[in-house]
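Following this line, the structures themselves.
Both complexes shown next keep chain A, but they swap its partner, so chain B is in the first and chain C is in the second.
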Partner chain A sequence: MATQWIFFEIFEALNEVPFYHVLLEVGLLLWILWLIFHKSYNPKELEQLTEKEKEQLIDDWTPEPLVGNVPQNHPYLKPPTVSGKAGKYINVDGHHCLNMATHNYLGFVGNKDIEESAIKTIQKYGVGSCGPRGFYGTVDVHLDLEDRLTEFMKMEEAVVYSYGFSTIASAIPAYAKRGDVIFVDENVNFAIQKGLDASRSRIRFFKHNDMVDLERLLIEQAELDKKNPKKAQVTRRFLIVEGIYMNSGDICPLPELVELRKKYKLRIFIDESISFATLGDHGRGVTEYYNIPKEEVDMITSSMEWSLATIGGFCVGSSFVVEHQRLSGLGYCFSASLPPLLATAAITSLNIMERDPSMFKKLQTRCQLVHKALSALSSFSLQGDPDSPVKHLYLRDPPNCRETERNLLSKIVDFCIEHGVAVVIAAYLQMERFVSRDSIRVTVNNTLTDDEISNVALVFEKACSEVLH
Partner chain B sequence: MTPNPRQRRSRNIFASNMAANGVVCSSKKKIQNGKLILKEVNGKQNVFSEQAKNAQLLETKSSNGRPPKKPDRSKESFEEVPLYTAVMTYLGFYLLMFLGYINQLFFTPKVAMERNRDGYVPLFDRFESFYLRYVYRRVRDCWNQPICGVPGAEVILKDRITKDYGWTFEYTGTYTKCLNLGSYNYLGFAEATGPCAEAAAEAIKTYGCAMCSPVQELGTHPLVLELERTTARFVGTEDAIVFGMGFATNALNLPSLVSPGCLVLSDEKNHASLILGLRLSGATIKVFRHNNVSSLEKLLREAVVYGQPRTRRPWKKILIVVEGVYSMEGSVVRLPDIIRLKKKYKAYLYLDEAHSIGAMGENGRGVLDYHGCDPKDVDILMGTFTKSFASAGGYIAGSKHLINYLRVNSHAACYASAMSPPIAQQIITSMKIIMGEDGTLEGKKRIMQLARNTRYFRQRLKQMGVILYGNDDSPVVPFLVYMFSKIGAVVRTLRTRNIATVGVGFPATPLMEGRIRFCLSAAHTKEQLDKV
Partner chain C sequence: MSLMTCTCNTIEKVLWAYCVYFEKNQITTLSDKRGIHKVTCCVYEGASFRFVSAMLVGGHGESNPNTTWLQSRGLWISYALGCHFVFLHILKGAPWIPQDQGDCRILTHWEQIDYGQQFTATRKFLTVVPIVLFLLTSFYTRYATSHFIVNFISMVLVVLPKLPQFHRVRLFGINKY
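Right, the complex of A and B next:
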């Protein structure tokens, strides 16, 4: 009843109202509806380009040149040519020199046994392995090599890669993903830096060999964890160091690192490219040097390209850790495997090393002698541990400009080469995270005699007096 | 067997016959049958994707009866999955996962456990370890099979059996000789005797096994210089630079070519090394559909017209990254179209010829030879020496300007060690043989043999009614078996019949498309292929 009455009233009201009023109301209503549903003014749409304009833009656009220019006389364009073997003596650009530049620490280049075994392997397996490890590229020599490496290093399992650079650069991203934290030394080599980039984790650099700095960073991380314990439970923490740093020649303080590892629950990966087969009584590297049991370290990687005088790299560790790389190490799964002849060369080198462990002692005495001789030089400051086979020589009074420093160093290097001692300037790219000063890198191998060492020091002195004064 | 030009003509005539008969080959028809077998047409199988068919019709109309100058190369076939098979594949996968869960509940895994690490964050994801243990383990014996001999036409496999369902393997000590359809040995250079092997042995005696030094320091030896010159001559560019590993070549040189602020358009199915290199470089990456020129064109147009996404600034440079032959698909890149696009939009082109160098083309010079294009049109030519030259390593070839820049700025040139002398020597010898510089016709013979083998094999398989992917001329033949466990079954069965092949499934390929891959080689004879 009430509703009917209301309708009746509305009807009456409509009849009584003047006509223009109704029209106005309806008009207003329609206008409101139109405003509500009309598409709002979108500034982006004004920019619809016509086809002609697009063609114009395409014609006008000039990209940057693909690559920039390099100065014509850049030293890297004409690196010195080595003819013949790079063994004890090396023939650089026609000069017959004592080799203190290539990383042939145990003198395996030119070893007859190794060459014999490599030639025999070619005759059995051909040269290449023609396939990645998963697809018939696993030759039985690879499996032999992995077994020998585990025996030698007294670990559980080993994985062999076909290139030293890609060993560590694939191993790191296989374990560390986005959201993890990695603590690294500043002076790590470039391959590790690339591995860190590929892993997309949060990277924290600590000052070179500085445990106080590292502890500070770890405490910071612990504070962050306290604030967010749920996230902390899924964030993995890694510590990556090198046994002997390529960029400085120092040995890492492994006992302290292991202490920190236990305290803050990190996982430690050591890149023993230089320290493998050079430190320790049997050549097992930093762990043997410091007498640390193998359970304390999660994984050890190394490249075989320096001490073992072949090409490739490997990772050893406990089965639990290393197995993972067989499926997720990019350089392992998606790349061809190591050519069999190089794998056999590595096995033969391991045989020689096991047969004759005195060569490591010999190498270490040589390193110390070279260290003594070179630290007496007047114009150079020597950086590097006495036991390390890689040492860096920096100018004592460096000029202000980097270019001049490099020029002076290269003149010194040329002088040395002409006088029978081959050394090199350490090669760096400008895009390293922390670009180091240019230096001359000296490597020690265990075939040097005392006379030769003193001769080297003399040549350096002469070079300095010639070039710097 | 007929040489190349005549065969092309016969194919064109056949295609025009089909068009004349009004046959529409669309894949929808197969779903009606519900079976995997193709419709038989005129006694022979042939299925064209829509695009290829149109292109063909245009070509054949103009060149009927005469051998065409630029041959019609768009003979690719990509079938769609019949519905029935798709459903079964998904079901099979879920079943496997389900069984895995049950297994995990009841039986403890016999896998290495971590020791001495209590209270640490676990190293691996739960799902990863689950997948690894229960799904992958069942078919694990299909991969990582060790060989003990030359990976040539026949290969000797070391037998192994597993007594506990795949947790561990034991070697039985016997060896089986199998026909090798799994190694990348396209021109048959993987041999233990012959001029290559002898030259490599000589190189060891002269230069030793390795140089022990990064390239920029004291790692350059005359073999490397000769190799660079020979590669440049082979590919047809001004200069080349070589590296010790193919994977590293891509991953370490792309960052020096592109940087943040550049746009990279890469194909869907690019290799992991290219993807890694692009990620490391920091450039913006956009993916276009596999071998789909219109998708590429659309992206290019948008990129040039609209610039960077939010700031609207123009891109610094645009790089298109494609591969010559895709290893999982077997398809060949549509090079002339891409070059045309590149010129129009002023982009740069990076061509990764890992599988195609030496294997495609009349002179073995790769897809450029195959399509008849000019090497100067492609800015950066990259390739590896592992596949056709039976060695190891990679190269980048291009103009002298580019190579000089790479020599100075490339990561691999500065830090990675130099190439090993016997490896370099093997490549030089094999390249010279292919080019015919050693005076014999051996190289030409091998190329012809490979082309013959490819055509014959594909033809025969198609007649049998299986689904193959890829271009008719590519030596990589993926043979689709959709179901996950079927891959394992087929590989094992083939192995019992002494044929060694490769099975690929998720995650290397999309879930739907598990496949068996055959890699043909010039060393295979007709009888061996018949057996398969």
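Right, the complex of A and C next:
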């Protein structure tokens, strides 16, 4: 009975079909059939090359040699070889030299306490941690190190990476995505440049330490934002600077940057690889140097490979900001964690730093002495802040050709090495943006004595007179 | 997720109002609908919906409208197409942190399917189902004009953004960023 009734219902319903509806239904059914049989295509691949064009491109291509034509006297074919530890003294090509080439600002390389603690850790944990932080690679020393760094920098949370380069290169793309804007100084180091590339954001470079140029860019961006307020609401703006720039030795003008941050609503990330444990009364970096409260800076990154004499890097900041990297920091999630022995070495370095904060003052005095001594050189102009442990020497009368300048500098460096002072020419990769002029990079450490500093200046003078005249 | 639950609450209120209106004007000739209508349109129900319990119920004779509201004519298509529309064509991005550096932040779920490739099997399926639903419901509501108008509009609203010509198109700047 129920079945009959249902068929009757259906029959009745079909009788009541309005005409337009029949047309519509037929149209829709036809469209469904067309849809089912349509081929799928990718809208981006619509421009296909014809066979002829493909042949043309293949014919036009000439292979590049694996190794290009290189002159036989290219300096990279004879790299200087270091034997033994690169502590206060370094043995380069058999010459025993005072080390002003590698970065050892607090003199921790070769420190017995640090080495002993690292050896004890190897005996306890073995050599590697065997995994990334999220997958059985977290050892208690990692958590200890993060706590110690948090306490030392007086922040809320720290994240430790296993490689200094990938620290800042992972931190930037964790926060800045496509559609965001990043304002960066021109002279940032290569790790930051790679982080910027990975972030896929719009990058705006401003001239080195030039606040007027930065403000101009910020005003431009503010005008764009006014024209399109809905887009501006979803655009995040970042400002990335280094505490002390590796490529120039200058300190960033943090008070002005913080002003701009408040005015234009930016998020500041500071890469304090050189300024950590170098500036400030207790070694807390540019924020302590300029006496800026920690709420004004969004995140501080640093590599532990310079002052702390270990390997790795870390990011500190508020929990809200830094915690994000535990899942989004690609160098944190997808790389093996720091070997425990290096984490313990970092903890020991922090212990030494906290026990004896006078070493920072000592380092700053050394830096100022070196600055005075080197600025008196006749053939070199010195770039770098007096308090910075990294300084660059440029030739006062540069020859027109970059090659010649480089050759001269390399001869000066060879002379210095032969006379017991190890320095290097600052090396840049070909793919860096804004490559500056070649320079000799001098690093200061707090084990230098006054005599040694004056000796260094003398050796430079002699080198110049030999090579340049 | 909170944005999704907010929009779901609004949709529920709208659908509730719609079914109350249409229930009043229909003469129920099919006494036992439950035997015939299978649940064909539960494909799209993804999130859990919370009813706003502040309003007093019982105006239509049953103590708990939850038992019967989904049986209302036209409600299945409105409900299914409503949440289909919101989830596929209004909400942008993804509920997790995607590893694509923010590519999909401005794309709706529909535009993200198969990386923007058109006429793939998934897209064909999702385009055909609302049309089939429309044909079914217009049959079951006996081609009544009022139902037809609402069903047709909701079908068009759901099928139009699926056309390849509408890929990444935003009308009147709505939902652009």
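One rule holds in what follows: the second predicted complex is superposed on the first by the 393 of 469 C-alpha atoms of A that agree within 3 Å, B and C clash if a C-alpha of one lies under 4 Å from a C-alpha of the other, contacts with A are read in each partner's own complex, and residues count from 1 in each chain.
Convention: a residue touches a chain if its C-beta (ideal position, glycine included) is under 8 Å from a C-beta of that chain, and two chains touch if they have at least 3 such contacts.
Quantities reported herein were computed from a predicted structural model and do not represent experimental measurements.
Undergrad: What is the contact status of A:178 with respect to chain B (first) and chain C (second): first, second, both, or neither?
TA: second
Undergrad: Could you say whether A:38 touches chain B, chain C, both of them, or neither, answering first, second, both or neither?
TA: second
Undergrad: First (chain B), second (chain C), both or neither: which does A:6 touch?
TA: After superposition on chain A, A:6 lies in contact with chain C alone.
Undergrad: Once the structures are superposed on A, label A:234 by its partner contacts, choosing first (chain B), second (chain C), both or neither.
TA: So A:234 meets both chain B and chain C here.
Undergrad: When the two structures are laid over each other on chain A, which of chain B and chain C touches more residues of chain A?
TA: B
Undergrad: Would you check which partner chain A:399 touches, where first means chain B only, second means chain C only, and both and neither mean what they say?
TA: In the superposed model, A:399 contacts neither chain B nor chain C.
Undergrad: Per the contact definition in the header, classify A:16: touching chain B only (first), chain C only (second), both, or neither.
TA: In the superposition, A:16 contacts chain C only.
Undergrad: A:357 contacts which: chain B (first), chain C (second), both, neither?
TA: Neither chain B nor chain C is touched by A:357.
Undergrad: Just to be sure I read the superposition right, which of the two partners does A:255 touch: chain B = first, chain C = second, or both, or neither?
TA: neither
Undergrad: Could you tell me if A:327 is touching chain B, chain C, both of them or neither one (first, second, both, neither)?
TA: In the superposition, A:327 touches chain B and chain C alike.
Undergrad: Across the two complexes, what residues of chain A are contacted by chain B and by chain C?
TA: In chain A, positions 198, 233-234, 327 sit in both the chain B and chain C interfaces.
Undergrad: Considering only the defined contacts, which chain A positions touch chain B in the complex?
TA: 49, 54, 57-58, 61-64, 66-70, 74, 76-77, 79-87, 90, 92, 101-104, 109-110, 114-115, 118-119, 122-131, 133-140, 142-143, 156, 162-166, 169, 175, 189-191, 194, 197-198, 232-237, 265, 267, 295-296, 303, 305-306, 309-311, 318-321, 323-324, 326-327, 330-331, 333-336, 338-339, 341-342, 345, 422, 424-429, 441
Undergrad: Contact residues on chain A for chain C in the complex?
TA: Answer in residue numbers: 2, 6, 9, 12-14, 16-18, 21, 24-25, 28-29, 31-32, 35-36, 38-44, 173, 177-180, 198-200, 230-231, 233-234, 327-328.
Undergrad: Per the contact definition, I'd like the list of chain C residues that touch chain A in the complex.
TA: Those residues of chain C that touch chain A are 29-30, 32, 35-36, 97, 101-103, 105-106, 115-121, 123-124, 127-128, 131-132, 134-135, 138-140, 142-143, 148, 152, 164, 167, 173, 176-177.
Undergrad: For the complex, give me every residue of chain B touching chain A.
TA: Touch list, chain B to chain A: 111-117, 119-121, 123-124, 132, 136, 143-152, 155, 158, 180, 182-185, 189-193, 196-197, 200-201, 204-222, 225, 244-248, 251-252, 257, 271-273, 276, 279-280, 301, 304-305, 314-318, 344-348, 379-380, 384-387, 389-392, 401-402, 404-409, 411-417, 420, 422-423, 426, 500, 502.
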